[in-house]
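As structure tokens, here come the structures.
Two complexes come next, and they have one chain in common, chain A, joined by chain B in the first and chain C in the second.
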Partner chain A sequence: MERGEEKMSHVVETAELAKQDATYLQALTELLFQLGDDDLLIAFRGSEWLGLAPHVEEDVAYSSITQNTMGHAVMYYNLLEELGIGKADILAHDRKPQERRNGIYIEKRNGEGNYLDEPYYDWALAVVRNYFYETFKKIKLEAVANSSYKPLANVARKVLMEHPYHLAHWKLWIKQLSNSTEEAKKRIQDRVKEAWEEFEDVLELGKHANDIRSFGLVSIGEEEMKDRWLDEVKSVLADVPEGSLGKKYGNGRNGEHTQDLEQAIQTLAEVYNSDKTAAW
Partner chain B sequence: MYEISRQDEITAILKTVDDPELPSVSVYDLGMVHDVTVQANEVEIKMVPTFAGCPALDFIEIKVKRAVEELDWVHQCHVKFTMEHQWSTDAITEKGKEELKKHGIAPPPENYQPGDEWTVNCPYCNSDYTSMENVFGPTACRSILYCSACKNPFEAMKPVVQPLHLK
Partner chain C sequence: MYNYVEDGDSKTTAYVEHDKAKYDAFMARIEAGEKIEADDWMPEDYRMALIKLISMHGISEIMGALPEKEWVPKAPTLRRKLGIMAKVQDEMGHGQLLLRVAEDLMKPYGKTRENLMEDLLNGDLKFHNVFHMPTKTWADAGMVGWLVDGAAIISQTNMLDASYGPYQRALQRICQEEVFHAQHGESIIMALAEGNEYQRDILQESLNRWWPSLLMFFGPASAETTGSSKQDIMIKYKIRKSTNEELRQAFLTKYMPRVFSLGLTVPDETIRYDEEEEKWIYKQPNWDEFKQIIRNNGPRSKERLRLREIAYENNRWVRQALATEPVSV
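For the complex of A and B:
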């Protein structure tokens, strides 16, 4: 039996009860920011692809996945709002990079240029990133589906019902491109290699990992999440890079980020920043 | 008796509030109404969202609130979306399925098991000679299919169910 398992039977039913224990509240807040910020950023990068996907059916599919993923982010920010952390809209639009908890690889730009001007985006990056992320998201959500914080467990169960469609989509893409032309194989392989050096912090729970685990907010720890993720992607990838995973640009779970996140926030909050008091 | 008839009145109203993306299909028949509580002149309605990312939820909330507040005896109606209970496509009523078909949308397959591939019959000619064109459609809850018998494109509600190991 792992440490903390007996605490797991202690279910916290409401935000009011969660607020009574400062350490619990902090661990819960960290976890919610990880979940919300990951979905927000992957959905933002997805939204930049709108109208640019390789063919029209893909444009419909990718934008549908993206819109739904943005809806998942909203649910986590709503849970944070219930906990008194701040209004959901403000949490999404108006936090500094060092307050953000998404994995660094998730914020990476889609390629050169931007969506309004010469968007030289790379489809191989979109496929590898979304496949890696959706595979991880399933593992993390399953760990959260029996969370000690009941409102979060409910949301995770909801998301898990929709998520199979997202994962199946990207799994199909990576399988098909990995069995396609030499150029496609090489492009996928190059992006897989790149991701291998950057993806590790996505799989981690940050500096409050021990509290997140011992309070039963997740039912497995980060090491097991990492193992499950590796098992899954190794069963699908044609070539698995040698060596272990890395976090080349730091640890996003602890608020370390790149210029790419600043660009993302600036763009996604442009309308919000133009009039912060407007009613929507 | 008196409270029960007021509940019935609310239910009757909810059967007239259509989903903004699916005219003629009510939020009641889509299985989105979880619980109705009547306390004197106050009504509280708990609803479950179909897809989490559905942008129509705010419209639905306003439409339901306005419709119920049309009743003379209702002073106030509170509509709340809850996650305590998760919507699945099994919650769609028989009437809901019929209305979907009239709209050119096939109802989700019956007895769907998570992870299975699925097919549905054409909502126009009922042929099973159909193919999936795109799992993703104009809204999160719909897919795009094609009927090779009557040569019509059509849509279908995606099956959405709880994964087996979480049931």
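For the complex of A and C:
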């Protein structure tokens, strides 16, 4: 647990106290945007799947997970609002791509087509992405559950109560599909290989990683998170690609993103943008 | 959300009197208010009417998720995003619940859920008229919750004491959830009604567009309108209580005052409540158009079915992977 580093942090009980140290505030803000933006984007991609899942039971389950996950994003944006960064709705709907901190793999389109028209979505991508993400989310949440920022630690503990069901759901899917028909195995393997080239930034803490760690905002660093993630994934999947993880399209933690994020923001903010002054 | 509607093509299955004693005992049970269970003996036309009713109800819940789903990713605030996600998830849940009830009834015919999906895609299984309509603005997301689900509550409450136990129990839960949906819709509508000019405009435009569909929601008043009606058999077997027209009247009585109190109008200048006749007088919607809509010739019928078809085709490999034995789908 890298216990030696714990002494560098002290507990910060409120937003007012967090705001008194500019460096602390900046590191905390970065971390909250990572948490909030990851959940917002994966929930957005989940909401595009609604009504298109492999069977009705899955539609019910997946939309329930998606709804919870959107709820988690809301909690992080609310923490940012308390810190004076901006209104939660504005943070979710009205930030430019370069201001967003989600991992790039999270913003990836569900497949070809649009959710309204000819959506050739790929269930193998949904399963691999959600399994990889939820596995990572557990590790990050556990690291945040002892955060020096008390309000964040409280939120993380709440989220951790719902999270085991989400992870169990996707773990079951990836195990089942990896042990079934040749076609299913191949589809999953192809998506795993693809994820291997793109997932690395999800596991990172971005430019302010050192401050995030040294202020005790997380209880383990990004290297430890990466190791734990790899251990867990390797214990579930028989074959993982041999090479190391990559960031094929850049580092989302630093505000680098793809066209896919622009499409996502445009859609999720379409009504919001139609009249920004309106109360909806 | 749902109501039983006629497509005008269906033939009423004639009751074949195999066993008069069984039939009399069955009728005595439902007359006494007892519930019929999946394994109980039931007349063929009762079973057929239930299969048709419940499979259409179930599939309409699932198809009904599609128009609303168009607005789920786009909901304008975080709170609205959470609300509409929860709402549409409920509707899928209703679909699941009802398909299971229908599956039990279909068992003697060797039919499964796969057959229902295929019937939907080849046009044999109809889905409710409202879900063939386009959604154009965020106001439609509110309108579906407020008035479409409001209409559904009225038609489903009418069956809360239905003689078939599994359906009757599913409806208890569905109706409870629909009340939340109507409140969710009403909340969206209130925000628009109290909003700026643009918001009030999209609200009124939405109501104008949905009005004929809302009147059609309860189905034609009598068989003469569209060529056939199952109302009679449904009432005889105590599946439902009121007629289509009685339900439509109840809807108007409940919602017209609310519509007017929000400063909204409906596209029917003649609509009024006649105190002497004690009923609403209104302009009939175009029932020929209704027939076209439920025959999958509505404005968005093809597109919505296409979405289901793509999902069905795209996920074929998943169904095969999940099947314990190789399946030929």
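Going forward, the second predicted complex is superposed on the first by the 272 of 280 C-alpha atoms of A that agree within 3 Å, B and C clash if a C-alpha of one lies under 4 Å from a C-alpha of the other, contacts with A are read in each partner's own complex, and residues count from 1 in each chain.
One rule holds in what follows: contacts are C-beta pairs under 8 Å (C-beta built on N, C-alpha and C of every residue); 3 or more make two chains touch, one makes a residue touch a chain.
Quick caveat, the model's predicted, so the values are computed rather than measured.
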### Task
Figure out whether A:Asn130 sits in contact with chain B (first) or chain C (second), or with both, or with neither.
neither
### Message
Just checking: does A:Thr267 make contact with chain B only, chain C only, both, or neither of them? Give me first, second, both or neither.
### Response
second
### Task
Based on the superposed arrangement, let me know which partner A:Glu57 touches: chain B (first), chain C (second), both, or neither?
both
### Message
With both complexes overlaid on chain A, does A:Lys158 touch chain B (first), chain C (second), both or neither?
### Response
first
### Query
Of the partners chain B and chain C, which touch A:Phe44 in the superposed model: first, second, both, neither?
second
### Message
Output check: A:Ser147 vs chain B and chain C. Expected answer is one of first, second, both, neither. What do you get?
### Response
neither
### Message
If we overlay the two complexes on their shared chain A, which of chain B and chain C does A:Gln34 touch? Say first, second, both or neither.
### Response
neither
### Query
By residue count, is chain A touched more by chain B or by chain C?
C
### Task
Scan A:Gly71 for contacts with chain B and chain C and give back first, second, both or neither.
both
#### Entry: chain C-contacting residues of chain A that also contact chain B
57, 60, 64, 67, 70-71, 74
### Residue ranges of chain C touching chain A (in the complex, touch as defined)
62, 65-66, 69-78, 80-82, 85-86, 88-89, 92-93, 95-96, 99, 138, 188, 191, 194-196, 198-199, 303, 306-307, 310-311, 314-315, 317-322
### Message
Touching residues of chain A toward chain B in the complex: what are they?
### Response
57, 60-61, 64-65, 67-72, 74-75, 142, 145, 151, 154-155, 157-162, 164-165, 168-169
### Task
Mind listing the chain A positions that touch chain C in their complex?
44, 47-48, 50-57, 59-60, 63-64, 66-67, 70-71, 73-74, 77, 88-89, 92-93, 115-123, 176-177, 180-181, 183-184, 187, 267-268, 270-272, 274-275, 277-280
### Task
Using the touch rule from the top, collect the residues of chain B that touch chain A in their complex.
49, 51-55, 83-84, 86, 88, 114-115, 133-140, 144, 158, 160-163, 166
